[in-house]
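Chain IDs A, B, C and D follow the sequence of writing; residue 1 opens each chain.
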Amino acid sequence: MADLFWPGDERALTAFDQGSFLETMVEVEIAWLQVLRKDGAPVLDDAQDWELVTADDLDQVALAAEAGGNPVIPLVDLMRARLRERGASGAADWLHRGLTSQDVMDTAMVLCARAAAGGVLRDLDALVASLVALADRHRDDVMIGRTLTQHAKPITFGLKAAQWLQGVLDARDQVRALRWPGQFAGPVGLGLPQAAHASAALGLDDVPPWHTVRTPFTRYVDALVATTDALGHVADDVLVGARSEIGELAEPAGDGRGGSSSMPHKQNPVLSVLVRRAALTLPGLAAQVHLAAADTRDERPDGAWHTEWSTLATMSRRTLVATSQAAELVGGLRVDTARMAALAGADAPADTGHTIDRILRRARENTA
Amino acid sequence: MADLFWPGDERALTAFDQGSFLETMVEVEIAWLQVLRKDGAPVLDDAQDWELVTADDLDQVALAAEAGGNPVIPLVDLMRARLRERGASGAADWLHRGLTSQDVMDTAMVLCARAAAGGVLRDLDALVASLVALADRHRDDVMIGRTLTQHAKPITFGLKAAQWLQGVLDARDQVRALRWPGQFAGPVGLGLPQAAHASAALGLDDVPPWHTVRTPFTRYVDALVATTDALGHVADDVLVGARSEIGELAEPAGDGRGGSSSMPHKQNPVLSVLVRRAALTLPGLAAQVHLAAADTRDERPDGAWHTEWSTLATMSRRTLVATSQAAELVGGLRVDTARMAALAGADAPADTGHTIDRILRRARENTA
Amino acid sequence: MADLFWPGDERALTAFDQGSFLETMVEVEIAWLQVLRKDGAPVLDDAQDWELVTADDLDQVALAAEAGGNPVIPLVDLMRARLRERGASGAADWLHRGLTSQDVMDTAMVLCARAAAGGVLRDLDALVASLVALADRHRDDVMIGRTLTQHAKPITFGLKAAQWLQGVLDARDQVRALRWPGQFAGPVGLGLPQAAHASAALGLDDVPPWHTVRTPFTRYVDALVATTDALGHVADDVLVGARSEIGELAEPAGDGRGGSSSMPHKQNPVLSVLVRRAALTLPGLAAQVHLAAADTRDERPDGAWHTEWSTLATMSRRTLVATSQAAELVGGLRVDTARMAALAGADAPADTGHTIDRILRRARENTA
Amino acid sequence: MADLFWPGDERALTAFDQGSFLETMVEVEIAWLQVLRKDGAPVLDDAQDWELVTADDLDQVALAAEAGGNPVIPLVDLMRARLRERGASGAADWLHRGLTSQDVMDTAMVLCARAAAGGVLRDLDALVASLVALADRHRDDVMIGRTLTQHAKPITFGLKAAQWLQGVLDARDQVRALRWPGQFAGPVGLGLPQAAHASAALGLDDVPPWHTVRTPFTRYVDALVATTDALGHVADDVLVGARSEIGELAEPAGDGRGGSSSMPHKQNPVLSVLVRRAALTLPGLAAQVHLAAADTRDERPDGAWHTEWSTLATMSRRTLVATSQAAELVGGLRVDTARMAALAGADAPADTGHTIDRILRRARENTA
């Protein structure tokens, strides 16, 4: 909910945190149990099902996870014990039948990833709206274009905002295109007869087992990196524009935002700094998920799979935080058009309307 | 054409090597010059145009590239000098008019990437065909499934081949979906009036300037990594199956293939080793291209852009080499079904036909 | 204390976790306050100082960290409020005087890193002792040497253990050589007059300000990666030796260790899998810390510094966990010398004593 | 000698390029042959030895390298054929006796790395001298210190130069501390009796076989990254100081240096851009070498080793280029102290002499 090492983490709420992942695994096991009713599994009543295992049980499950190399064995043990306490020993017997640990982990990760992607999309939508407005509003506000840090020729700030928008639209396309398959493959990936039913119950795609083909996760992290790539570009430009000597842009003033522990007068572009932070780290983390995909041997690999969990969770939360921060940053960005004009000098205004309009058109088509 | 540090590099022929990149930049400049005829640029005759600057000029251009930070200035200088030598000084004056270095570099990189992707696709098609045949042929050949290095439960080798196929199909989808835009943005990205015409002349998509939005390249490297991820998975499984104690799989015997400098009797699974090599390095290289995208400031960034060129070229060639090696490996893979059966023991045959058929159906639909 | 996404995390206890980092920052602020007594700061009595801010305050501080981009401002605010509650308003006024946020963060990170390195060293010492014993005990136990997965020529298991030992000794040398400097640089790195005194109070080296020169952290992560490199090598070899078809090595049997959720009879080499997991991820994380060092601009960089905190903490804990797991793995490794001999065949025993003795001699010299 | 994709590559001359690597492998084979004279190998006369295989044979050897997975088999074949042509068939018979491919590759890589490190050290020495002079000359030249892109408090430019110097000294210490061992381990790493003699002949350390313990290379790349980390920091600061609005720093004017293909009046800080380029890519490449070290299985690993060669060569050349560029950049850096003073405003001069002197003292002690 908050992370001393990653300020702003609380913006991601509980998305893909340990507690929600635990509860999602429970959701998968219960969904599977319900699917097994066709095969004879008993029906749970609400009292038996209700908060069977929750985030409060996190430590107990996590502490017992090392022995089997993943948390599913202790989770199933705990769920069975609770079911028996609640008089549902038939259900306890049926629980997890046919599944392997990886089915539960993978499906829960897909569900958590889908939820995180939903949050990212909401903030990207807000960002698109803000950028459309910004590009439109500043279509004629001339500023100097800079290449390799040097003044080059005039552009407009609307064009710069439209470029930011292009990156965000590209990222949004990629997030929107993601697919969310269930994994009900069984111990060595034969595929379980009830897989289609279970996937449907969780709103997931029914596809063949993919326990050794990690594309759902590599595409997911590619989309997250595409997102922070786009946001990093925005942050970098704001950080230049906010430099004391340049002063074209300023972050939205917030409650204590941008303060310094030693120089109270100073206003730091904190949101941009924190967005940039994410953009610097996501590429390397995505590489780990790809390496895991590439380093797959046997019907379950000997270490690669185990690197995915923490990396997926961390990337999801960082992207959520960065997208939220970027939406706030762009939504409240302060633009000093007079300063822009002054720095651009007497140069004739740049003709950027055509390019801006093409990009805005794409935004409108994608949004409608 | 051959690389002492990357055995097998010659499989990529001249794809995205320095010479072909140089010639592709020349192609871009000439295409642009032709587009400018509408604005009054003179028409070149064949003798003036013919091999104006070629791979033979590589050293001259490369050695002069540092001063401007990229090879376009010396290339344009050389082209102009040659044009004048050939009596085309009007063309020399018009050459490169309106363009910026990045236009030429970016468009040439897109063209080289498109060519490399075409080569990758051809080998992926061959790989798909081989894998379809393999999965079909071995649909009833039982072998032991292994998880975390240990014998688990029986599968069939057909299922394993079908899993390999899934990864390759995922990669092929991603390569097929790539788009190839021209970049004719001008010095600060206003977009040049002739951009649509120039892109069309080169068979490229006409999109707004993307000089600060590097999605065409990040998606390209994502697709390359998806490819080597899929191939690494195959290689890892072959390397296990080829272990002396296991002996289920063997690489195709080739001319001197797999030899050892100290133990002439030994047969090493060299293709798999070399494919795996690529799969271990592509994720980290892709991360560099994403970092470049994220670290974009101003209308041309101060170093990030410059990291793309070598990385894109290296990744392209390594993927071409790995795909070619994997196609040869899978095409000639020797499968010892008796050994598989012996290791699987008396266990009942696994029912894998349903899953195999689903995956084969997808392959057939995608190929048709 | 336990991490659902990183089974075994509890082995690292509270090392470099958020709570201990918070308390370490408090320790730095209090040490500084004591140093300021020479300048007139009041003396705190035990009741005023005692558990002023603890891990229980984590959420409050972390939630307020985003505004300033780091947790020091809210921490100092909270410490001041508590001091005033305890009647130490003079101390509240003096608290943090002269310091900048980075001083507190950097010094606290050094202290946490030093503590983590101490834990790593303890487990490396245990590992060295086990490996020395293993190499010595098996100096004449012949096994087949394997190259590129194929049987090559005989070695002894003692030689293999001695190779593992070499890597561990190299890593230990690197961890031992680390230096731990204090950071008392002030807002722009002029260096504070009381720096030497404050560093001494915390047992840290007194060096010039290094706020923009991140060598203490890059060397630290290099040493951590060297450690997981060495452990990954051990794990990889055990994973090969433990394969069902090979059966030369087995992990120590533990309470439920290596169990499977679907196949109760199966014994998975879980420790090796989990050690390998760390070894696959540390290189990429170290690259992030180097990137932060390289991407330093101004007297405090605009995002790079902010990427260090989480990465350093994660790397520290993962290395502690992996070293502990490796020590347990090697300490209880089961070696089937008969199986080794059988697989090596009739070949003459290998003469490995000389090489083993050289490596053991180094171990003994380094340990004495 | 020049690389279109990496402008400035020619600064590295032939260091660790394919030709010099080939010739270094020849050097290793010949040194070994000479060592074998004690065992009865014939003495070569100068005519037989002279340019037996050279960089001109590169293509032939490289094209034949794939079959065995590395270039040693075709190299030895070629050397034998040439020796026989020159009437030295006895030597041809003795050539490579006892060695394995990895011995030749590893030892040649160590020799190439040592040569590259020597070149890096020479440029680092020049850089240290320039930075010492810069720090000293500008010890009283006040400029504004900046944190998080914003004006903070005054420093001196001497202090900034001294900070740059600290990073360079740290890197130089690390490069200086590198050790260069020979590898004469034989096919499975037993260690060859003549190893000590052969290492001595090549000026290399005699250590036990390290074929599966890659510390010599991981420490080497750590030192290279430490170098580009330090240089990246310098480049980043110059890029800020050279911004059009800031104008405190300018790169040395060179022949056509910093030109633009579209805006002839523009002066780009090209050296800084190109140095920064290297600093952005080295961390990820070093991670590949660490991953190779960590992913070592058997007595020769199945792909990890093969990733080292290209990565080591690339990193070596990029570091040489960057160090040379940085030395030129700093050696001719133009400092506008009046502009610095103007931007710093009326603030009292900062007291930085003490910190500068501490750092200069270290430089002098290390250099003497």
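Just so it is clear, a contact is a pair of C-beta atoms (placed from the backbone, for glycine too) under 8 Å apart; a residue touches a chain by one contact, two chains touch by 3 or more.
Being a predicted model, the structure only gives us computed values, none of them experimental.
Peer 1: Among C-D, B-C or A-D, whose interface repeats A-B's (more than half the contact pairs identical)?
Peer 2: Repeated interface of A-B: C-D.
Peer 1: Which chain is most remote from subunit A in terms of Cα centres?
Peer 2: Following the centroid criterion, the farthest chain would be D.
Peer 1: So, what's the distance in Å between the C-alpha centres of subunit D and subunit B?
Peer 2: 28
Peer 1: What whole-number Å value describes the gap between the mean CA coordinates of subunit A and subunit D?
Peer 2: So the centroids are 38 Å from each other.
Peer 1: Using the touch rule from the top of the page, what residues of subunit D touch 2 or more other chains?
Peer 2: 69, 146-149, 152-153, 187, 239-240, 260, 263, 268-270, 273, 279-280, 284, 287-288, 291, 295, 302
Peer 1: In the complex formed with subunit D, which residues of subunit C make contact?
Peer 2: For this pair, the touching residues of subunit C are 69, 145-149, 152-155, 159, 162-163, 166-167, 170, 174, 187-191, 208-210, 212-215, 218-219, 222, 225-226, 228-233, 236-237, 239-240, 279-280, 282-284, 286-288, 290-291, 293-302, 350-352, 354-355, 358-359.
Peer 1: Inside the complex, what are the residues of subunit D that reach subunit A?
Peer 2: Subunit D reaches subunit A through residues 144, 146-153, 239-240, 242-246, 260, 263, 266-270, 273, 284, 287, 291, 295, 343.
Peer 1: With touch defined as at the start, can you tell me which subunit D residues reach subunit B in the complex?
Peer 2: Residues 1-10, 18, 21-22, 58-59, 61-63, 65-73, 76, 96, 98-101, 104, 186-187, 235, 239, 254-263, 268-270, 272-277, 279-281, 284-285, 287-288, 291-292, 295, 302-304, 306-307, 309-311, 313 of subunit D touch subunit B in their complex.
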